[in-house]
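Structures follow.
What follows is a pair of complexes built around chain A, which joins chain B in one and chain C in the other.
Moving on, here comes the complex of A and B:
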């Protein structure tokens, strides 16, 4: 059970992080990773499992961040209620976006989601009465005990854990198989009865809800949001985290999110490289380990000592098959 | 039996479902008509090309029905019409009292019509067991939200389907590879996994698109054993196949197509000795 031991250690490290973190900035960074994972974890079911190339989730993040800031700030609602409202709104937004676009073939779906992200940006700029336009909006903090950096960190860590658990439940059950079938063998998916469009839509709405929750805590973490916070590159960043992490995995994209968020911040020379660093890493992963960094150790160990699979001639056990079929004669 | 004049028949499709088929009437143990999977006077055109021209076929539970013919004779077209990938230009598909001509592929899966593919379409990233379990999608009682929140009923449903799929896999001879990734399977294993996935649907009918393609003689023998066992379990089998020896050996009835038209239908012996079939397909 090496895997579960690794999980326990990683979990302990995450929980104790506020104790041994070097400074407030590192804690902020850890909270940012958790916030991003709330979005990317949900998006992972869409991109990594179902194979739908959504590159517009920054639009959902922005809608939700502004919803939260307006409801909890300007309107004075409780931040928890504002977060729930932002999640629900983005779920609805996902439904409205998914209904026409999820029937489109992959490339056009990607373009539709990109267009939405761009439109949302323009909409925010245009409605400055509501959103503050280019000046932006202040986002409120959560009430005690979540108003301290450590408290807020635990809040978003819990949300990140929740999203991980939810997606893991999907991935390991019949729904996970159905989603991978939509991604890799859509014809088979139909043949076994997977309602392809409806399944895509449900997963997409779920990713809208998680993006909505992420946007609310993202705004609170940033404490001030402007349209420049939600550049299109951020959307590509979410997407790249999943691709680098590996499709059809949860741990992989999680590692991808951690590395891609933390590395450029912690290693100064990498920050200077900016997008060049992301591009380089993406290129390296796609060319060297297309399975993603989540499987990099697996791939290396298999290269070093290839397992020889003994060729066993198939020999059916017909009485057993008859029993399994529940012979009717 | 050569339905000669295509133009006359094309105009005749409305009346065609009543066309008699000799093999159909000679069988005394004819089950309830609704239990049959019926293609009634089906025509399929792709633009100007007529892939199937007024062909009728009825598959019965507990019977292996062979469909043979040269390349381009419309065998796979018929299979795609029955399984719902194509919509007939004219004619009807019926099963369990339902007209299925316009029904989705998924609807047919829900009714218990399973199929395999000429080129195996497996999920290479998943295990053999997961691939077989996917076939039981219609029997999974787990909604998306219930799955998200890890309800106990979802886990229980998954476990039950897993046990059933594992039994089927042991039955078809893949018990040694349950946890192997499907992209590491050999060709025969892939073909048998496709069949196991089809059976996991607990089908009334399973439609097999050239399941013997690329198999060795010994593997074809095993396939024959599988088909007989499936038939004896009361499942109807449609066998689209090029290996005519194999077809005549395992099938209860055989239909021969040529350029979209039916040229002979009957028992293997009737078809094998038919002069028209010999001239067009089997060769002297």
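Moving on, here comes the complex of A and C:
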């Protein structure tokens, strides 16, 4: 009951944000959070639930941002079609990337995804006829209802809500349980009939599609993209959001995304430290609360209101046992 | 053509040295640390800082850079490995070393600057030396000396044998009275010193550049996976193969696709021979 009330209040705050937002920049920031969440929500299923440490999702983001800019800008397609095409392309890219790399054990997979992030950067620089090289590309805005900051905010908010709903549906059913089983005990999961590789691959392709959609709206939000936008550190940022929020949860990474996106903008000294701060935060969380920040609140609330565990003494029913033993003999 | 061969071998030697550093840390802790490449980066940056920045003689700069690397290796063990290994969750060390690697890279970037800076000449030599230039031969020599030194260390010294014992079975070693925590710390210090030495020797090739670490972590790992995890000879072969492939592909195809070709090599080896050229097949799912 309390949970759904919080959810409704948070939803209302998000929907009415353009009305009470202080200035355009705050609205831009809120839209950026929503865009990042579209990607992180999909990535959360891969990292948080399935435990596959993909640290190269910025590569997918770059592929779709450039796809969107080329299709909608240079080729003049409708932005909605370009977004769908970018999502589909990144899903395909995720499939091609996942087919070999998801068979690899943890560190190998992380290295393969990191390599993809570097490779995509190389390709963007190499094919400067298509991508503009180091100069970059202009990305078009969406048509009329969505071309104002508030309209665009509602568009990305709807996308973010959709992704949240989809991941929540996956996470709470049998699928999600299977994914958690793959994360915690892959051998046992296989033994009880979870299709380990296929489940990993499907989730990875899904995260590719969300990264594709996120990249398209990201390009439109930034309105101009260069290779410098898609540095490896951005990938680390996505990753840190999920780990800090806590693995195996949707609300935790969502809060992590909101706080980590907004914090460097609101506290100026942190912006200077930038990625050093993210590294420090990641190290602190891994060492102190590997379950994520959400665990801290649980521990505190349990301290404040200890749960009473009723003790039910069990006494053996000896006459019945004797009867049973007697009957067998 | 000779210059392509020699420069390929030189970068390959740096990759091989990084792979050796991976091996040293892996032998005692079964951890593949993301900070491996950053050790070499620290060696290069601090070497340039001590020699050019402070005007010290190069031998003092070498000792200083190696000391910084060793200190960072020790710090890696204390901060990112010790507490995490006790928890026995296999992904946590990946996260903690990634965090530490990011921190050291950003700290060096803030302090040293994000532009590559030149590394001083160590031995007086004319710049027109061509393929006999020291910037090629120093990393190659250091990588070979390091591999030979490791073999001697493993075969001839007590501590080397303890390393081998821990790499076979850490629990059994502990049961036989080996102070496994101290040995692991020692292995990280040695790895830090080796990484910094490699970065120092290759400094004239790579320049003192803060973002070298991540590339080297990836390429050293590819060399290691190609050669076979845990094998020092394999690390040398894998590094040389990767360096030559990089050099010849950028000579014939162009420099834009270096990472792509390296990762292509990795994927090919993993598909054909997952344990690497000289690695041992030891996976046991249950």
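Methods note: the second predicted complex is superposed on the first by the 301 of 329 C-alpha atoms of A that agree within 3 Å, B and C clash if a C-alpha of one lies under 4 Å from a C-alpha of the other, contacts with A are read in each partner's own complex, and residues count from 1 in each chain.
Throughout what follows, a contact is a pair of C-beta atoms (placed from the backbone, for glycine too) under 8 Å apart; a residue touches a chain by one contact, two chains touch by 3 or more.
Everything numeric here is computed off the predicted structure, so don't read it as measured data.
Applying the stated contact rule after C-alpha superposition, one finds that A:276 touches chain C and leaves chain B untouched. In the superposed pair of complexes, A:135 makes contact with neither chain B nor chain C.
Looking at the shared chain after the overlay, A:173 reaches chain B, while chain C stays out of its contact range. Shared-chain residue A:187: touches chain B and chain C both. By the touch criterion defined above, A:125 reaches chain C but does not reach chain B. In the superposition on chain A, contact of A:287 is made with chain C only, not with chain B.
After overlaying the two complexes on the shared chain, residue contacts for A:51 are found with chain C alone; chain B is out of touch. With both structures placed on the common chain, the touch criterion links A:112 to chain C but leaves chain B unconnected. In the superposition on chain A, the residues of chain A touched by chain B in one structure and by chain C in the other are 187. Interface residues of chain A, counted against chain C in their complex, comprise 51, 53, 55, 100, 104, 106-108, 110-112, 114-116, 118-119, 122-123, 125-126, 187, 232-233, 236, 243, 273-276, 278-280, 282-283, 286-287, 290. By the touch criterion stated above, chain B contacts chain A in their complex at residues 62, 83-85, 104-106, 109-110, 114-115, 117, 121-126, 130, 133-138, 140, 142, 144, 147-150, 154-155, 157-158, 161, 164, 167-168, 170-177, 180, 184, 186, 188-189, 192, 197, 199, 201, 218-219, 222, 225-226, 229-230, 232-235. Put simply, chain A touches chain B in their complex at residues 165-166, 169-170, 173-175, 177-178, 180-181, 184-185, 187-188, 190-195, 199, 202-203, 206, 248, 309, 311-318, 320-329. By the touch criterion given at the top, residues 32, 79-80, 83-84, 87, 89-92, 94-96, 98-103, 105-107, 110, 214-215, 218, 221-222, 225, 254, 256-260, 262-263, 266-267, 270-271, 285-286 of chain C touch chain A in their complex.
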